[in-house]
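What follows is a set of structures for review.
Two complexes come next, and they have one chain in common, chain A, joined by chain B in the first and chain C in the second.
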Partner chain A sequence: MTEVTRPPEPGTPGGPSVDLRDSLYPAGMQPRPEPGMPTDLAPELTDSALSYETGLELKARSQWAYARSRFLRHRLAMGSFFVLTAILLCAIFAGQIAHYPYDGIDLNHINAKPTTAAHHYFGTDQLGRDYFTRVLYGIRTSARVAFFVSILSTILGTLIGAFAGYFGGWLDNLLMRFTDLILTLPPLAILLVAAARLGNGNIDFGIFSLGQEYRVAFILAFLFWTGIARVVRGLFLSLREKEYVEAAKASGSGDVRIIFRHMLPNSMGPIIVNMTLITAGAILTEAALSFLGFGIKPPTPALGKLIAEGETQMQTQWWLVVFPGLTIVAIVMCINFIGDGLRDALDPTQRRIRA
Partner chain B sequence: MPEPVLSIRDLAVHFATDDGVVKAVDGLTYDVYPGETLGIVGESGSGKSVSTMSILGLIPTPPGKIVSGEAMFQGRDLLKLSKKELRKVRGNQMAIIFQDPMTSLNPVLKIGFQLGETIKAHHPGTKDSEIKKRGIQLLSTVGIPQPERRFEQYPHEFSGGMRQRAMIAIAIANQPSLLIADEPTTALDVTIQAQILEVLKTAQDETHAATILITHDLGLIAEMADRVIVMYAGKIVELGDVRTIFAAPRHPYTIGLMESLPRLTVDEDWLRPIPGQPPSLINRPPGCPFHPRCFLSQGRVRCREEEPPLRPIATGMGPHLSACHFAEELEGATSKLAEPTVAEGVTS
Partner chain C sequence: MLTYIVRRLLYSIPVLFVSSFLIFTFVSTTTDPLEAVKMQPNVNQAAIQLVEKQNHLKDPIVVRYGYWVRDAFTNSFGKSILGERPILPDMLNRLKVTLQLIIAAELLTLLLAIGVGVYSAVRQYSVFDYSMTTLSFLGLAIPVFWLGLILQIVFVNIFNKWGVRIFYTSGLDNINPGHGLHFLAQRVQHLVLPVLTLSVISIAGYSRFMRASMLEVVNADYIRTARAKGLIERRVIFKHAFRNALIPLMTLAAIDFGTLFGGTVITETVYGLPGMGRYFIDALSYGETYEIMAWLMLTSAMVVFFNLVADVVLGFLDPRIRLD
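Up next is the complex of A and B:
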């Protein structure tokens, strides 16, 4: 699909003046150019002259421009994108939005129902902590984990899949059997054991330290890269046979250059889509882990942890479970819809847009 | 005689398949001299492309394997170079123009970027502004109008002919001393073919490169080549000056190829195809590989039992080699492409 703008008709105001001289002479009989005039007129043609010649002006657009316009027209994905952006902005500016610190105690309102009084929109728990605040900070934690996991596992999976698919042979075998090995591990058992054994607290790297949530993130990333590795390997297996890859080889490009410059850009669509799926999966898994008590340790709020804490009083204080739960659902659904939209947008064979 | 740019001796390339070893190229020997255009012509599967791709390390190994031979290029044997050294040759001193410009350009990268890639790959550290300047200059050399604008465009905004021009621009970007054009016009329609041939000639003039032109189009050979190699079943069956080959072909296969072309000057109801199929390269017929299809062989024992060597033939028209035991019997044969076009009597 290309944007088409028609130039004004010749002879109309604003249009090019009609010059009949060209059409009066049969082809090849036009008056010879004066000596000294450039014989090759093509570079002299201006854009408007060229568009007049062809009648159409084609606007040059890259693959990404097409994808962007398709995504922008995908209503469900765009809606989800705005909702997710709003949620994330709330989380980022939690300090400005929330009226309480996340571990602050309001003794006047203990076990309060959701109310606008004293700004306890999501109610309070049995210690009088504002749940709205805690959910906001919980989103922060979950989002940090999710983005870290998706980026780390995408990079890892892409690298492993790309090298396996491009080089093939024993390297492919080695890397893919390793991938199979990771896939055969029972995830929950591994996660629980790892979370329990790796301890908690901040990870200290000397120069900088990461919050405790990154412990969980590392474990999740280690388990989540396999899907992407397989997808990327499959893509590379087919891309490897493309003629432009052979042409790149013939022009002297090295393996690394071919992988990263020629083949990776051609596989970005599926990689990005898988990345969104991983993000959603990471949020859910982190919530499940925290719910089981192996993820984020208090007092840092995490969405799964909040549900776990509220679970005991669910009969009477429903808001303790419902709000963090709904938040998780909203975030994950938004991410999945965005993933859908991206898949449609990045697939050039898909002309029609769903939703 | 000047020093050859590329000198291939006794090259043999085999492919291991489930059915057996395919001898795609079997004992190939030829030279390419500076500035000349060497045409390689033959049916599909005769080993035209494999012979050139293999010396650049561009055949998949396995299943492919270079069994023997040497390929001297600028004083070095290409077949003995490491992968890394070979990479420095590819696209730099030796460049390839591929058959299908529609699939040989990466769809997600701008033309300018892909042009620049070739330059950067061999001259790392070239400034981007310099690359752009050179790229635009290359695009205008190959006759692309508005090169500044085209430089920033993607392959899908180019027509087929334009893309092949861009491919040629990429091939000559580093001033190669040998250009390999692997069926450069097969994927294009006839009017564009003529333009591309012009561009190819311009490119040759610009770089003074020797060219190997691989094709199955005899018309293209007649138009472009200085010397011709006719390949059949992985071997050279005839080699000579383009005029000699067309005026006095001395191998029944070459005559068969030319006879199968339609001609416009005479009202022909039937074309004369070469009977039979190209031989299986796994189970090659003994003796002359062409003898089962040959009008000259006619069941002669020598054709069946003794493989004919490539030997000089006196046609009185310059160096001429043919691999036929009975080449002399073709005395007086000429192709219908040569003027005047009378080739009756040689086919039976």
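Up next is the complex of A and C:
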């Protein structure tokens, strides 16, 4: 035996290491030492310096440490993670990487094919705008929308789902009827109606204003939270019956403390996995909205909008459509693979049958 | 069974009423059919006020909703405001196109997904299984509109290069559609690419679903029993495993079919098909409140109806489930 581990204690990220004997056996119920078993084993276990000398390596690891190691071993997820990081870094440092401003016009290279000459890696459009630059800035917009949508809808969905699942009653009923209602409506249509009139212009808060991509993100978030609310509600319905919740109640914890301190950390796995799904969905939906002309409007470059602009001359200038699209595919695939790895790492009970 | 169906239908009536009121509030506050007209410089204000009065556009929401419900029941959703087109007949014409599209897409999806799913479950961890898994991840990451454009580029380029018209890339018919078999052939040539575009995501999702459901069944005890009593493998798979694995997919397919009525917006836009999705986009760009409303009601009624169908189908296929 090279590694002695205790069963992971839920919800203590990086928590203190607990004496092995305490966690495994209640006081006074330690097993009798078997004949032949070294009787001085137990005192040594309390002293980590000594345990190495006996050849028994003892490591108390939290559930998050397990999840981390499982994720790091997931090759596809790790590979996707690096690719996605690279793509995002390129977008963040677009100003430094790109050789042109995103609306800059290069009159010497109009409708240029993808070429390394003059750094038009993704070609140029009929105005001579460099599509590599525009794609980089488009990733920025898409990433902003996706990030904002996933954060906002996760917080909203988790809160609503948690309260509905924990308290039940009229709140639960209201929530479930509302999500039922949302499910019967074609989501894209509702988004289109909302975005057609509400999705224009910046959001002004007086002191500062947010770009129109946040307006689109707000609209998306109001449709995306229902899925996560359902998941969290289901989790809370089952967690509510667990003994540790009862114990927390018996020792006098309030509802809010039980929800945020005891139950929420135990639901983090599915929540995080669903968050990746939302992120991927948000990127695809935003691209579709912008493509149809109801999402992000020029001059802000967005991947969907770039494809729509290239559509008119796509038969001759195919690169205007191909490269922004490939970028979307790459990003969404990476996110999906990461989500897959996270599911395996955080949520072993729901583990998909591995291919 | 019959009482169950009737009860579900009766239950869906208040649901549709409540949701229609919420949708109405939402749509009528965000759209204004006269917006574009009002912005023109020399517009006759009296005429605008007349139209507003005739269509009760300035009344409170609840009153407008009342008029709308009356129109919906007695006048088949009334007429559009700008073009004065009858809404329901127009939409039913569009529905014919969309139905051709989604029935073909659903059939193609089921055929391919079941085949792929069963085969990759039976040959788990084979090269085929791995490549299909990879392909399905790819399929789930492709934006529908982009796939449509790429297919158009490919087939137009084939046509330009070799002069072979395999598939048409836009529209529903030629200018001279022809008759009989000729008509049918060119209609199919028009519909292949939209159907393919619409199916790709579903095929990716369904084949994963079918594979998982098949794997679950294959590892069940009664399959071991079937093998133990000496049945040949083909019989075990198709007679014992396949039928049971199909049940969850059938429910999923029935539910999804309901959502497809309102789920062809992008495909129809890309391929220029005069179907339901195109109708919605047109209505939206003109801000035609009542056309949008009617469209949303029809599509969400379809979702409700096919959810019921899914439950009933499940009740028929799985004797353990009793609907009453």
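In this text, the second predicted complex is superposed on the first by the 293 of 355 C-alpha atoms of A that agree within 3 Å, B and C clash if a C-alpha of one lies under 4 Å from a C-alpha of the other, contacts with A are read in each partner's own complex, and residues count from 1 in each chain.
What we mean here is this: contacts are C-beta pairs under 8 Å (C-beta built on N, C-alpha and C of every residue); 3 or more make two chains touch, one makes a residue touch a chain.
Since we're looking at a predicted model, the values are computed, not measured.
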Which superposed partner A:Phe291 touches (first chain B, second chain C, both, neither)
second
Would you check which partner chain A:Lys242 touches, where first means chain B only, second means chain C only, and both and neither mean what they say?
first
For A:Gly252, is the partner it touches chain B (first), chain C (second), both, or none of the two (neither)?
first
Considering only touches as defined above, state whether A:Val321 meets chain B (first), chain C (second), both or neither.
second
Just to be sure I read the superposition right, which of the two partners does A:Leu181 touch: chain B = first, chain C = second, or both, or neither?
second
If you count the residues of chain A that each partner touches, which comes out higher, chain B or chain C?
C
In the overlay, answer first, second, both or neither for which of chain B and chain C A:Ala86 touches.
neither
Taking the superposition on A as described, I'd like to know which of chain B and chain C A:Arg261 touches: first, second, both or neither.
first
Shared contact residues on chain A for chain B and chain C?
none
Residues of chain C touching chain A in their complex?
15, 18-19, 22-23, 26-27, 30-31, 125, 129-130, 133, 137-138, 140-146, 149-150, 152-153, 156-157, 160, 212, 215, 259, 262-263, 265-266, 269, 280-281, 284-285, 287, 292, 295-296, 299-300, 303-304
The residues of chain A that touch chain C in their complex are 180-181, 183-186, 188-190, 192-194, 196-198, 280, 284, 287-288, 291-292, 294, 304, 307, 311, 314-315, 318, 321-322, 325, 328-330, 332-333, 336-337, 352-353, 355
Show which residues of chain A lie in contact with chain B when the two form their complex.
42-43, 45, 47, 50, 58, 60, 62-63, 242-244, 246-254, 257, 261-262, 265-266
Taking the complex as given, what residues does chain B use to touch chain A?
56, 58, 87-92, 95-96, 98, 100, 103-110, 117-118, 121-122, 140, 145-147, 149, 152-154, 157, 167, 170-171, 173
